[in-house]
Amino acid sequence: MRMRSLRHLLSGAFAVSLLSTACHPAQDHAPRWGKAAAGVKHAGDTTTARARTPARKAAALFPVAPPPFSDGVFPCSECHGTTDVVNRTPHAVEFHEDIVLRHDEKNRWCLDCHDAQNRDKLHLADGRLVDFTESYRLCGQCHGPTLRNWKAGEHGKRTGSWSGEKQYLLCANCHNPHSPGFKPIKPKPAPVRQEAIK
Amino acid sequence: MTLISKVGSFVTGTARMAFLGGNRYYYLWLAVLGLCIVQAGFAFAHQFQYGLISTSMRDSVSWGFYIGNFTFLVGVAAAAVLLVVPAYVYDWKPIKEVALFGELLAVASIVMCLLFVLVDMGRPDRFWHIIPFIGRMNLPSAIMAWDAIVLNIYLGVNLLVASYLVYCGYHGIHYNKKFVWPLVIFSIPMAISIHTVTAFLYNGMASRPYWNSAILAPRFIASAFCSGPALLLILFQILRKVSAFEIKDEAIHKVAELMAYAMGFNLFLFGAEVFKEYYSNTHHLVHYQYLFAGLHGKASPIALYAWMSLAFAVISFFLFLIPRTRRNFVTMNIGCVLIYASVYIEKGIALIIPGFTPDQLGQVYEYVPSATELRVAAGVFGIGFLLFTLMVKVSVSILFERPQAEGQAVHV
Amino acid sequence: MRELPTLPMPAPEPPAEGYTRREALVMGLFALAAAATTSGCAADKLALDDFVAKHFKDLSPAELQERLAQMEKRYSESYGKPVKVSATPAQEGVLFGYALDLSRCIGCRKCVYGCVEENNQSRDPQTHWITVLEMDKEDGVNLQNANAFYDHETVPAPGKFYMPVACQQCENPPCVKVCPVEATWREPDGIVVIDYDWCIGCRNCIAGCPYGARRFNWGTPGIPKDELNPVTEYLGNRPRQRGVVEKCTFCIQRVRQGLYPKCVEVCPVGARKFGNLLDPESEIRYIIENKRVYILKEELNTQPKFFYYYGL
């Protein structure tokens, strides 16, 4: 079997310097990245973005989970018009002050990823627009090997069927795109010691 | 007289001999054993109702006191019969009797072995799954299936020979040598094989480095050669006092001398094992560290026993090696007790528990047998000792306490 | 989810004309035992049926259907809800493999408890099929320095890494080799299974397993009625009895229906991967061919189908 021939290639028992990972539970309570600033009125407040997204974008390259918008924040065009005059120089913004950028923040700001003219889309480095459901294309511009591993099913998580239809979690389903490092979480209880099993 | 009525009178006659005509110590002894058995009945009923959770065994230490006793008793059963070899080689005079008592001890030991396995099973009601042709034995790969086979054959052979000899004695017939000796000779390699197969049961597990050593089976045989004869030497002395059983001092001293060699070899093998583990100092050393000291700065509950076992072995080795102490019945009997205790600790405690501690994932669970385990074990020993006592009583009555003719007279 | 494959339903067998020798022997034995145990009272048919239950592989298709129905009835009655018991055969051309990313696992134990619920492990006394070990990054994989009982406010703890261990589904499984009664065996798709109705509880397999993966039901397993997962498999997560051994089956009741194992689905960091080793397009093959893989106790030649790897 092929596996056997591979095995001698496999490294021995080395603990690599493991990344100090922290985590957001991706499944049981989906994270909400970036709440709308308090007091800001949105026209479509009663309809959540979650409900709209799948209907809007069925033909994504990979079948993905709905992007994790905060309630009421999407579509962004509810507030940002396509003809607004936009200051493209990086600056502090009045709204969305709950968003703390911890993602190469010295070199990046909002409009590097969010499109200035069409806020319901993201844009790639070459200016092509992508939907939030295809945000992995945007992420993959910098994180090429990770995107490759994600497509192959190594990085990230897929649910559904190992032999058939699967659903991919988007990068943003697990990593807050504004602050992608995982935060520590509370572990489930330690097992009962065998001395205590009576 | 037909064969059926002969067998019938043998059964009723021996039953009478077993229970009648003893002195008051005999009945006291039977009463003590009876008590052991009765209290164990209650303990086992509890275990049967609630499961093995009433023992201290858990997933990390999944075998304990029961299987330790099982292993020790396989050794006793094996060595008891092996005594026939020197008896034959040195032509001791009551060779038939020496062989007979060895076989009776083997029968009682194997019965205890099987009972220890039965009480250790999670589902004793499914014992039939391991019966050939009825159940589904995993042959040839499972050593435990082989063990079940050889133990039962060994029990059968010894039971057959012993009861045939006693039966002939009862009816005053001369036993048929052509029938007995092939079986006795056959039981000698069988004796080696039961203890070897039992050693292989542990030895074959790569998951447990403490057991996964090629000299485990030789160590089993060497230590059994000490403990089995130790028991028989004491028995012979008692029988010599209370019955017409005769055995020369030279024969006893010869056995003691053989035991000294066996113990020397046992200590040598043990030393070889200890050297390999400590000098190579791999992760596998943890089991020896747990045996002799403890892990993670915590003293192990078995360390004291381990050192006691080693000390007893060394002391008894010298007692049996030095001709003066070997020929002195006081020091020799002390040596017998020390050897028995040493091997009992070695097999009952120092073999099983360190093999499981720490477990396969490095976790330490401190196993100390529960009251239920001790009580059930006492009952199993009670049954074995009772069986052995009754069988010896009958044999002594038939062989030494009445003229052969009386046997005929009873049944006319 | 795609349509579930259904178990081929065999036509009921005509009644046998005679008994085989084994059957005759068994029946004789049972008659004796039954007489001993049930004399004087109404014969407890259920207890007798359990006592005489055949080995899974000895069941004819009709007997298997009967047994499944009997189990469903019993479990449904005792748990107060409809319980399904299937005996789904292995698919051809499938060899299951599992990979776990040691550089991503954070030791949160969500897999442990997800598994408990999915696979109907006893809550009291507690049974966990997955053991999550905490070890020092400096020390590497050193089981003698591993702690399964860590109890931190948050994980991962600084300087630590985590290694969840469950059944490694060995190609050369020592547990199967040592079982005296063939109560455990390796299925064609690589899953090592146990027939809980045949296991005698000798625990030889627990001694023989190098991975501490097998669990014994020391007491009567306890599962609250409302917590029972009613979708069960004969050789998998159906409720177990006292005195028998159990272990991870890669969620046989899920994976034979095409689903991912539960632990894969509940892992919050995507450290767990699963697939068909015979499918070159599967993620498991991608990992084995492209990542640094670590096999636990590789020197024992158990050839696990569970691979640890370093994704980062």
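Here the chain labels run A, B and C in written order, and each chain numbers its own residues starting at 1.
Quick note on the criterion: a residue touches a chain if its C-beta (ideal position, glycine included) is under 8 Å from a C-beta of that chain, and two chains touch if they have at least 3 such contacts.
What you see is a predicted model; the values in this text were computed from it and never measured.
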item: Chain-level touch network, classified as line, ring, star, complete or other; value: complete
item: Chain nearest the overall C-alpha centroid of the shown protein atoms; value: C
item: From chain B, the most remote chain by mean C-alpha position; value: A
item: Interchain centroid distance [CA atoms averaged], chain A/chain B, Å; value: 68
item: Centroid spacing, where centroids are CA-atom means, of chain A and chain C in whole angstrom; value: 34
item: Shared interface positions of chain B, touching two or more other chains; value: 53, 58-60
item: Where chain A touches two or more other chains, by residue; value: 197-198
item: Contacts with two or more other chains, residues of chain C listed in rising order; value: 125, 131, 148, 218-219
item: Residue ranges of chain B in contact with chain A within the complex; value: 53, 58-60, 365-366
item: Complex contacts: residues of chain A adjacent to chain C; value: 3-4, 6-7, 10-27, 149, 152-165, 169, 174, 182, 184-193, 197-198
item: For the chain C and chain A complex, residues of the former touching the latter; value: 1-2, 94, 102-104, 106-110, 112-113, 125-126, 128, 131, 135, 137-141, 148-156, 158, 161, 218-219, 255, 258-260, 264-270, 273-277, 279, 282-283, 286-295, 298, 303, 310-312
item: Complex contacts: residues of chain A adjacent to chain B; value: 194-195, 197-198
item: Residues of chain C touching chain B in the complex; value: 21-22, 25-26, 29, 51, 55, 58, 125, 131, 133, 142-146, 148, 165, 174, 177-183, 198-204, 206-212, 214-220, 241-245, 300-301
